[in-house]
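Each of the next two complexes has chain A plus one other chain: chain B in the first, chain C in the second.
And now, the complex of A and B:
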């Protein structure tokens, strides 16, 4: 009974006697055994696959229960809280539930100036409007630029360069750092009087471009997005690199024979084949953009001002700052819905491709 | 592909390529370079010198000692919950991935989907219930009231369990991708030989999982160590503040003292930086798997 396993693992000793004729024993032994106990082989088979479910349970059920409780239970509870009007120190009252908080949020958010919303004009919209607007700007700009930078890095690194590992390691390095750490680095980089960004601008004769990067409402959000791209583009590079390496080399050859120049080859032949990489990286980036919190919290505290406020920050401020628990939970549910809108199609897509 | 370029534009293209690569290196490392030289400068020094010039006359190591002093208890606290949470989530992930991949029953994919969807949950959408849960339903301070050392660490216990739970989805996915590639005929042979599910896991899967455990442990350690949000919400007692909280507080109280802030940032990042430098390959694998 033990012999094939010990054989596979290269063990000797226990299965020594079986080493002589392992195949005969493996087949004959088991079938005879189960046959004598459970009757016909067919019923034994179905019995095994039935109980396989039962016997696999000890492996995934504990983890499943934790996930069910902390992920799905918590989200359900959060939804329930968002239907109450709970605030302050007391306990939530689950007696009267309604969607009032959602109505309030969207009424406020829509009251801002959406037509010109993307041009930084001095309108005084409510915080809901600014948080939603900035979340969308962050989501789109951060995802698109990080993907482009990551793809360019991947293409550079993929060109049979020397010290490839070193370059890759350096580009991915920011990804291993905490947002608390990188927010500190970038606060210093953006420091208006002695930070590196302004210093370098002055050095190269662009002194006119120096700014109060992270206090000027015009540049705040973009300064944050730039720093986040710095941190995440290495991740995109890794994903794209894996995608590039999966493309068969004869595709490059074919493009060469056709006389395509390098740029054309990448654009026509290579980039379309990276769709799967793009999708999975984009999903991760977008979901991250929705929950980006640590970086902003360290750089600005809980009140980044309307030009850099995002839903994730507003949710924290409403809940843990001013104890508007129900309203905070409402914003949390909106974030969850946004994430679901991104992730559900993605998981379905992966499932269809058989990648799960 | 690379050969063609060398043939077509001998040298020039390659030079441009390396210039671009090095330029990007400058972009990616400059915040760290500026940080590390600043951490060795005196207060006056970093205002008067260029932010990327190394410290010369104004050289000092005091910021490092002061920052370490302020972060010491946070470093200990972070280690206390990060290491067990890392190991637990990896173990749970490995077991769950095995139960959902290498066994044979209907509905596996659906259960797996539910696991994997957990990766993408914005933590904000569970924060309020989570804080309620650890304050009213399961309060570690009350459960461990019999033992002061444990009761005093209630915030860290909450963090340990929370991070273990939220780590399960990603760990399951990482192990799953590995277990899918294991030769089924090997498992089939063991099964025919009468080995039970547990035995197959213990004798075949687990030994084959060691490289994946390295990947997962590194990924989880980095993630959990670097987190701030859960700690902000779950740690009430300042004695339990973790290192990311203390670094954030240091920045708030030492406004403008960039030498101290930079030293603190590097001390906080040191464990993850060391892990990254030693296991960069595995970290990349974890990061890539986490997305796909």
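And now, the complex of A and C:
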């Protein structure tokens, strides 16, 4: 099925096919007859009603309308609210719209310490700064590491190992669990006195490395990122595995014949061909990273502390904690812009490759 | 011929899909076919004992008012996190329930500012009821203009220091001699050096437990008046007091259980039950956990003292019901609120909930030895201040800001930023 975009874009195309059809139908005689009797108006009408655009309408209009209303309509309304000063339980005042909330957010966020943006030193920045900073750190670190781990797993699983299916299932399993389950599970793992992580560290003689993983502000965010990587690297593995399987075996053989060692073969020949897999996995991961709300909410409630606060969490607090609806909507729009900033280049890239 | 047919059918398809779409949209407005006079009660009491308590209250109400149909509609979620969301969106849609649970005092600010809560001074708060409540609690039931808008149903005490009797005996500490927060610090030092037990069971996963500890340390060190002045937003005027209290809490944190940041308060409390921890600072809901623990008896195994330095204070955590407007069932709601404010209602609810009734004239018979002792303290208390951590003392916005400050303080115990954060937190 063609997408609505190409249907709109291809207006001339649709017109062309409408032109084509009567000529085909002229063999049947019906159309030619009515055309000659009722003049140009009737033929225009039949041209419109016969066009691919009109005839496809029953298939996409209902779904399109519902999506327009409940998705794009809601986004639009949310944007409108973010321009007001709505708070409390009264009605929003749509009379005075301005970008004040966005100005406030970025002024606050910029007032933090961005020079050392990636070093979690306990400075006293506003919550906007911490939420934005942590969201970006989470987004980048989680995506990059999950991709690398997923790629390594995929290469290992692809090396014709025994019990390949079993391993694949084991690696993919965490992804099928809900954030609620994994967050609880990891809060037990990270428990400093009885948790697995510290127990294992002590068992192998690394007792000095034990930490208060999810209460120490230095490690909090990284503990969360590590757990998320555990959960999603299996997904990356599956995407990469599909990519690896699509590469013809000749190329492995050719590389071997040319004397490339294993590392060189993967680095020079195989990995560069996995670009499409990387891009599509990265997009999914980044969108998940923006939605890490559930995980943090189960682990810490609505107050993870500034070292692990993210925009989604702050949005929830502003809206439903203190009824600052307009400011909450502003944060929602900023999150939306971030997500769009990730998805749009991907869509454009796919579009250019003609895969859309 | 065939063409006409196709055209017709196409039109029909369009019509049908259009109609279906309209139907689906119309469906969004349906589904509100509720009984007009039904009393819908929204609350967050869904855990074991709490649920039994609200059911006992509703049963009692139904006995007294048999012709009022009751719809019990719990919104689970600790401390009303889900309830707020539901009530707020229903108020915005002008479709509020008959009554809902809320912390009284400043926590109602969001609602009173928008004039959502009805003045029930004439209809519910008769002079008989007014006489039975203490002043501190009555103040909480009023909005900023001094009109009654809520009926407090139960009271939990926040300034308790629970302890494991055996652990304290082995360390040679008599808790009744602790008269200030500094004494408690010394006692914990002794416990740490003389026993294997953790001196204080605590949780720092969520900020509220540390906030309430700081509140009690502040009262214990500087007195109720200073505390109330801070609640009014005068943080910098009391800089030394606030900083000293923060420092004391930071000193305490040396003696918390090591996994404080990864556990909930009741998980930490199992340490006290098992004899691995000495003290617990917590509201008296913690007693419910001791009660349900096996072979763990009041006075012989566990006991409590008022938090050192706050003996004459009854730090109040209370829940109440209110009457939102426009109300779907005004008469039934007033009957419900009157019942919540009656001796019968509070006697049915509180013993099961593990809280004391705000009315001072409810007979003691149903309350166990612990709650009876608490009631005596309550009736003799000289002050009943509200709380930050439990919403009654500050507006939701200030509460949220303070939580933000303590969510960081909980991990780094850094006085300077916490103090600066608090001055900003009250400045809204």
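We take it that the second predicted complex is superposed on the first by the 302 of 356 C-alpha atoms of A that agree within 3 Å, B and C clash if a C-alpha of one lies under 4 Å from a C-alpha of the other, contacts with A are read in each partner's own complex, and residues count from 1 in each chain.
Here is the rule we go by: a residue touches a chain if its C-beta (ideal position, glycine included) is under 8 Å from a C-beta of that chain, and two chains touch if they have at least 3 such contacts.
If you're wondering where the values come from, they're calculated on a predicted model, not measured in any experiment.
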**Request:** State whether A:320 touches chain B only (first), chain C only (second), both chains, or neither.
**Result:** both
**Prompt:** Which chain, chain B or chain C, is in touch with more residues of chain A?
**Reply:** B
**Prompt:** For A:306, is the partner it touches chain B (first), chain C (second), both, or none of the two (neither)?
**Reply:** second
**Message:** Applying the document's definition of touch, where does A:57 land relative to chain B and chain C: first, second, both, or neither?
**Reply:** both
**Which of chain B and chain C A:182 touches, first, second, both or neither** = first
**Request:** Using the superposition on chain A described above, determine whether A:66 touches chain B (first), chain C (second), both, or neither.
**Result:** both
**Message:** Once chain A of both complexes is superposed, is A:273 in touch with chain B (first), chain C (second), both, or neither?
**Reply:** neither
**Request:** Have a look at where A:191 lands relative to chain B and chain C in the superposition and call it first, second, both or neither.
**Result:** both
**Asked** Do any residues of chain A touch both chain B and chain C, and if so, which are they?
**Response** 30-31, 49, 55, 57-58, 61-62, 66, 69, 187-188, 191, 193-195, 301, 320
**Asked** Across the complex, what residues on chain C touch chain A?
**Response** 1-3, 7, 10, 13-14, 17, 20-21, 24-25, 78, 81, 84-85, 88, 91-92, 110-111, 113-114, 116, 204-207, 257-263, 396-397, 400, 403-404, 407-408, 410-412, 414, 417, 420-421
**Request:** Flag every residue of chain B that touches chain A in the complex, lowest number first.
**Result:** 1-2, 4-5, 17-18, 20-21, 24-25, 27-32, 34-35, 38, 46-47, 50-52, 92-93, 95-96, 98-100, 103-106, 109, 111-118, 120-133, 162, 164-166, 168-169, 172, 186, 189-190, 192-201, 203-204, 207, 222, 225-229, 232-233, 244, 247-248, 251-252, 258, 261-262, 264-266, 268-269, 272-273, 275-277, 280-281, 283-284, 287-288, 290-292
**Asked** Hey, which residues of chain A end up touching chain B in the complex?
**Response** 1-5, 8-9, 26-27, 29-31, 33, 49-50, 52-53, 55-64, 66-75, 77-78, 81, 153, 156-157, 159-161, 165, 167-182, 184-189, 191, 193-196, 199, 230, 234-235, 238-239, 242, 249, 252, 256, 262, 280-281, 283-284, 287, 290-291, 293-294, 297-298, 301, 311-312, 315-316, 319-320, 325, 328-329, 331-333, 335-336, 339, 342-344, 347, 351, 355-356
**Request:** Give every residue of chain A touching chain C within the complex, in rising order.
**Result:** 25, 30-31, 49, 55, 57-58, 61-62, 65-66, 69, 88-90, 122, 124, 127, 187-188, 190-195, 212-217, 220, 299-307, 317, 320-324
